[in-house]
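Okay, so subunit A shows up in both of these, paired with subunit B first and subunit C after.
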Partner chain A sequence: MHVDGNAAAGLLTQVFARDMTGAHGTCGSCGHNGPLAEAVVYGEAAGTVFRCPTCDNVLMTLVEAPGRILARLAGLRWLAVPI
Partner chain B sequence: MSVISQGFQGRGRRDDRLPPGQYETHDFPVLSAGPTPYISVDEWQFTIDTEDGARHTWSWQDLMALPKSTPHVDIHCVTRWSKFDTDWEGVSLDVLLEDVESAAEYALVSSYGGYTTNLPLEDLLDGKAWIAYAFDGRPLAPEHGGPARLLVPHLYFWKSAKWVRGIRLLDQDEPGFWETAGYHNYGDPWHEQRYWGD
Partner chain C sequence: MAPAALLQRLTWLPAVIAEARAETPQARTLVLDVPGWPGHRAGQHVDVRLTAGDGYQAVRSYSLASAPGEQPAITVARVADGEVSPYLVDVARPGDRVEIRGPVGGYFVWEPAMPYRPVLLVGGGSGVVPLRSILRHHRQSADPTPMRLVYSVRAPELVIYREELQAEHLVYTRTTPPGWPRPAGHIDQGLLREVAWPPVDSPLAYVCGPTAFVEHLSGALLDLGYRAGDIRTERYG
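Up next is the complex of A and B:
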């Protein structure tokens, strides 16, 4: 089961301390650029997995550990955050 | 108190079988980090690559021709559910590794769909791990990792890679998907090795 990036808005706000659904990311694999809100999100796994809507590449994972959230951003080439 | 008791054969009291921080469930929750790959047994292949570059390959027919085991085990997911008395059918990694020459210490398991997970090679040996293709007497459903998944019940269940496709034997440890994302490199449920630093 997957949802889209909007469903992870609360978790993203915890990590980045701002609303991130309008942020745009560029896939490190295929170069697709789009809003995080349109990422394909698997939230029922051991962590939350954001995948590229075009090529399925893992853009980002968020793991909620006690006292901290571990964010791996290795699949993103760029992240553009509106101010 | 015995904290290293593994509850493998499921003979102990319930409390002895539940690792710290876990609860018992009778469901079989499906956790997925990505889309479910649908692999037919005709195209399915399993490979073991050694540190010297030698490749061993099994087709589905090859796998079915090997001696089968029927592990009856408790499984423990890092998301805190444990399920007791699960029944599987599969081929022991001891059988698959029997004719594989290797002095490697580590294994990196990979799946159809791109998932990976790592563990020491010795955790795949001595009756502790299987390539499982049936659950509860029925072919393993795709959402549970069919046609075949790794089954390593003494470690948290993310190590039991669904849709298993191959194992690379390595001289150097190489962390897999969740292990590079914040989860523990080894993942022993009896020592609650959930996250980095546990």
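Up next is the complex of A and C:
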């Protein structure tokens, strides 16, 4: 079961303290650039995984732990946040 | 967006189910009393958290179904084998408590703004929920933006917000009402040519539904000449 980045807006706001669904990420694998809203999101496992809609590369993983959220952004080449 | 709203600290807000309304045999609208609700924009989401007696928690994201200025409401469709939706559709009653985090999201959002770019809303199944919020907002604000909804649904008894959406373009994929002019089938290029604003008018499109539906429709809109950046999408399942 997967959704897209729109459904992860709450978690993203927890981490970044602002809306991130419109922020654009560049995939570190294929170079696809698009809003986080369009990432393919899997949330049933221990963490929430954002995958590239084009090549399925893992862009970002967010893990909610007691008292903190761990963020791994190793699959993103760039993250462009509108200000 | 107001600068003050840029940095957003989110907390779980206690909410009480104020009203439960069956939309179809599979979907129900829950109106929520949320003290301290800051208001929302059309198309935004809320996270709903349920806590079981043993402390087990489940969180799901739902689109807000109500227009800005109205009480927050969600419309939940039952997912077979779901953990949260069967409870919200079949069990929860007015007076029951849940927790809410939101509103969140800013991508699949529409606000009246000049210049008035015509808006095409395309919904599949319960993907119509955020589009209903947008449509209601548009009607209530008497905004001059041309706006049109194409709503794809399997059968007449599954139409959500039936009364409100009568004047919109309904497309039945399996069973049609008696005497319906169009045979059951998916939204195709021919239909889009009839109902979609032409690309020359710089339209915006909001497409929400199951992943395959959204892929099909956003591809069809691109073929029609819509610009990729003007097609907002929201996918589930």
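One rule holds for everything that comes next: the second predicted complex is superposed on the first by the 83 of 83 C-alpha atoms of A that agree within 3 Å, B and C clash if a C-alpha of one lies under 4 Å from a C-alpha of the other, contacts with A are read in each partner's own complex, and residues count from 1 in each chain.
The criterion applied here is as follows: a contact is a pair of C-beta atoms (placed from the backbone, for glycine too) under 8 Å apart; a residue touches a chain by one contact, two chains touch by 3 or more.
Since we're looking at a predicted model, the values are computed, not measured.
Superposition of the two structures on subunit A shows subunit C fitting alongside subunit B with no clash. In the superposed three-chain model, the partner touching more residues of subunit A is C, compared with the other of subunit B and subunit C.
Contact with subunit B, but none with subunit C, is seen for A:Val58 once the two complexes are overlaid on the shared chain.
Touch criterion met: A:Thr21 reaches subunit C, while subunit B stays clear of it. Of the two partner chains placed by the overlay, subunit B and subunit C both lie in contact with A:Met1.
By the touch criterion defined above, A:Pro66 lies against subunit B but remains apart from subunit C after alignment on the C-alpha atoms of chain A. Once chain A of one complex is fitted onto chain A of the other, the partner contacts of A:Tyr42 are limited to subunit B, with no touch recorded for subunit C. Of the two partner chains placed by the overlay, only subunit C lies in contact with A:Thr13; subunit B stays clear of it. Vertex at subunit A: the C-alpha centres of subunit B and subunit C lie 110° apart in angle, rounded to steps of 10.
Note on the superposed arrangement: subunit B and subunit C approach each other to a least C-alpha distance of 8 Å. Across the superposed pair, subunit B and subunit C both touch subunit A at residues 1-2. Taken together, the subunit A residues at the contact with subunit B in this complex read 1-2, 42, 44-47, 49, 51, 56, 58, 61, 63, 65-66, 70, 72, 74. Those residues of subunit A lying in contact with subunit C across their complex are 1-14, 17-19, 21-22, 35-38, 83. The part of subunit B that touches subunit A in the complex is made up of residues 29-35, 77-79, 114, 158, 177-178, 180-183, 194-196.
Every residue of subunit C that touches subunit A in the complex is listed here, in rising order: 6-10, 44-47, 59, 61, 101-102, 104-108, 211, 232-237.
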